[in-house]
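Here chain A shows up in two complexes: once beside chain B, once beside chain C.
And now, the complex of A and B:
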């Protein structure tokens, strides 16, 4: 594996047998989960899941705990075997390939640094297993140490490092072998909030620089949004939606996705009419009809749900008569100051609460608790959800 | 914490006196210049000198040491393997039963263990001697090793071994390079425990020994039946010292290992 010695390693294929047939098969993505199913003694962890991950992507598996995201990652790493279905890497099935022969490396949630080895030896561990000569190992470890800025701590033992430093050792160790795919299991969960913010940018910078495919498992939607090029939202062993952070945020396909990612107003109702232009919903909770304009496949009479993000709901004080589609009046019930903006909850005459977010700038005048306000939104910003 | 009152002091004194007074008397009399066991005739180390000239006793001591070293080594290997199997095989059916069966010999009366092994060796037609004693000692010592190593393994973070495999180490390599160094203190403690258990065993050795394979406790016991000699006191003192050092080292090794682990987390 001579490529290891060169610091420029953008997408350099490994000399591993599993990585050989990468010869630009455009049809096949780097990783393909093909109808993968995994059960643990009757309990379904992953249910008939198919998913493609492209080369060079920063991909996030996002979902609440127990949704199967960790099991999916462990199957890719080789620590679990699918009950049925196939996982392919660069067009080759991984079935029967043991963990230590896969061109994937994993950064563990607990970091799993070897406590009896120094930082240097931790990073060198994987390289030594390949039988590289001492000079190549030294060069590579030193490269990795400078990548994560830990050259001065090379001789320390893991217990002599801070949490952030340990995290970087874990990252360096898993990158040292220049894997085709780097798997990150909740990589930032153990860090405090400020450090997490800094590390997020560091991770994306390193990923861009190395061009390695990153697959991250997280339950933190903000983390997934900031880091990933694409996100798969998982729920109960299956995939709810795959898309870019913007797609998932702006156009969720189900109530589960919509409510898992960020704040949202979900308005239940019955479809009054639907055509290619808009979907209108009679919402008893609001006592009125609301409209979403992205075209859906809904039919009149069906039950459904209209989803609108709080920052898309405009709010102003009542002055005179207001009318038009998606216009509601109510009273400001409470306000949560969040720094750059404030999240208000407005109680309608029916008692239903609508959330709206307002930037804390001077324009627009102040709104106080108890004020009578008018809410409205552009139909194009609302989404109609059938599920 | 409750106050260390006079009642505690008295009960502690009585307790320790009960445990250690006989041993203390034995140690003191091993330095007795007089041949009479009950009469103090001044300080002397002549019985230690005599001891090292007693070929029979020396041969028995050599036999005991050899049995103890081989036993400890065999028991450590087997006991560690048993501990690994019991810790890892979470989905093994009847795991609790296996666990209980590993621990049962700990509480089995030695006479029964000794007798059953004797019957086995006779039935198989094995000549009794060094190897039968060693096998018998290994059988009960490995349970102790299994207990010590298992308590360490249950607290072991399995993701460390997974990380080693992920980085290209085969399962065996991962165990040798990561798990074994980290559980080494417990394994060492198990070895020392097995060593001392074997060294001071009389009952099981009596059942399974043959002509020409007499261990030190057996030699001491038979010598005492002919009258207590101060030489035996000296031999016993050395045995006590060996066992005490073994147990203390085992305890310290286990403690040191546990502390190193907590520090790293």
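And now, the complex of A and C:
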């Protein structure tokens, strides 16, 4: 790891951008997708998408299968050409710049390691194209090997490595050229859960040290949350929401984002009244009125949806009469033990199920299936969604 | 004691399985022994004998039925005379060299024709590939002799090729192509192309297209990426295809006979002449043994190479 302290690693990023005026860079983000559209025959993979990614960010593209994440990344790497629109890197259009001249490097989902080359030669592959002398290449490859802790395996061929080791070779190879942007297409998909968790921490640590902009594609929301500074949630070739993990989680802008990220209760209804303080919703499924307090632009009579995370729904056993806003009673219908907490589903009198999460600490008191419980939540924790 | 008889039965079954496995493992060796090694030893034996008018037309050797003493007398008459004769007569040396040269040129040309075809096949839509493979194999449904003979009609002075070239105005005079070494090479390239295409296709088809992208992502322009990845990873296919063409082409008889000229010198024809015209079985056996030794070198190299690839 000491290798990271070498000036070559921490110096200015490579590429023509180094000579560029600072003012221009400040004016425009590192990467700008400007109304990009990509179709394959009749299939629209990316539809009129605009997105900015800042220098030094760890940025995640998150979305269900087939929403166009890989296509977006491949256009950035130069493997696909946008049907229309423009992609700009550090203020310069990438149109017409072939893949081998772009200051981006990609870590492929299948790793795409060269099977006939040793680990060492795989990592050296890109450096040999830069006209570095042998000593510089050797130093750089050795830096990378120690970064991913594979020094002992340098002479092995890819087929002699474990899945996790191969993944680290792929990472080292794509980092070796110090790209301005590192693209990672589902880099951890092939790893088991434990290794995945460890690698996620390594990835964030490496990204912080090198300061390289990372763009990661994933359809695993937990992974996006753990890794990214900002997340773009994609759906059907477009961007649904861009924000920090907390923003996306706490304040989703649509039902699609809300239900894609984690567990959530979506309560459909009609707006009873809305003002600067709160939005009240008549929810037939609950047989009552519920309130969200972050101000929205809703108007009375509109259809909408109230979203509340299970862990924000408090649950206690019924003792006496309870009243107040956002208070519901029901019976515990099922419980899924998840280790540190348990996800309960509570059936209301109307038959509607509300999810609530309760941590498995000792002070919680026991709640059993069939218990009658009271649920309630703070209006400030609920969000009103129009879409 | 039911338990012990069970154990025996199990051991018996296990033993049979081991036997079966080793038998299956031996099969290729049995095959090689019966169809390669024994015939080779017979040819080797004949090559050490001398020609003689009779049936068979060589001095009998190693006939154990005549008793040990008589056999020993025969063995003492064996000689390497045929081999020294081959080495001393420049006709044979030249025939070997010319065969190797023609086969080598033809192999390179087959590779140059076969690679783009195999590459296009491997990149074709998945659904088309079985059809394309069938098209490559299709010529085998017609007699080899007829297919080679058809080239006479194409290459002769008043043949199809000259007619087309004259019509296009590319040439003023018909070209003499038939009965030259060039015609032989054309024939070999044509006849052996499928043996080149199929191993190349097999090597190219299983290449991950992401590897090419990885190479260009790491800074290689398309032509270099093609060389570093596509060509490099199909080397096993190139070697296999080249040997499949080169080895039979060296000893080819039909193609030089039909398409070659009076000054085409190939060892297959020499062997045929010694055998059928001169009835010199021992000398033609010696020609065959030397040919085999010449070809064993590339075969061994190939196997070394394969072993290293597997490692």
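One rule holds for everything that comes next: the second predicted complex is superposed on the first by the 366 of 387 C-alpha atoms of A that agree within 3 Å, B and C clash if a C-alpha of one lies under 4 Å from a C-alpha of the other, contacts with A are read in each partner's own complex, and residues count from 1 in each chain.
Note that contacts are C-beta pairs under 8 Å (C-beta built on N, C-alpha and C of every residue); 3 or more make two chains touch, one makes a residue touch a chain.
The structure displayed is predicted, hence computed values, not measured ones.
**Q** Identify whether chain B and chain C fit side by side or clash on chain A in the overlaid structures.
**A** Taken together on chain A, chain C would clash with chain B, as the superposition shows.
**Q** Is A:201 touching the first partner chain B, the second partner chain C, both, or neither of them?
**A** Neither partner.
**Q** Considering only the touch criterion stated at the top, classify A:158 as touching first (chain B), second (chain C), both, or neither.
**A** A:158: touches chain B, not chain C.
**Q** After the superposition on A, what does A:41 contact: first (chain B), second (chain C), both or neither?
**A** first
**Q** Of the partners chain B and chain C, which touch A:126 in the superposed model: first, second, both, neither?
**A** It touches chain B and chain C both.
**Q** Looking at A:106, would you say it contacts chain B, chain C, both, or neither? Reply first, second, both or neither.
**A** The answer is both, since A:106 touches chain B and chain C.
**Q** I need the one stretch of chain C that runs into chain B once the two models are overlaid. Options are 2-10, 236-244 or 290-298.
**A** With chain A aligned, chain C clashes with chain B through residues 236-244.
**Q** Show which residues of chain A both chain B and chain C reach, each in its own complex.
**A** 77-79, 98-101, 104-106, 108, 110, 112-116, 125-126, 129-130, 173-174, 177.
**Q** Note which residues of chain A are touching chain C in the complex, please.
**A** 77-79, 98-101, 104-106, 108, 110, 112-116, 125-126, 129-130, 173-174, 177
**Q** So in the complex, the part of chain A that touches chain B is made up of which residues?
**A** 41, 77-79, 98-101, 104-106, 108-110, 112-116, 125-126, 129-130, 157-159, 173-174, 177
**Q** Using the touch definition up top, name the residues of chain B that touch chain A in the complex.
**A** 91, 157, 159-160, 162-171, 173-174, 177-178, 181-182, 260-261, 263-265
**Q** Which stretch or stretches of chain C touch chain A in the complex?
**A** Result: residues 208, 210-211, 213-222, 225, 229, 232-233 of chain C touch chain A.
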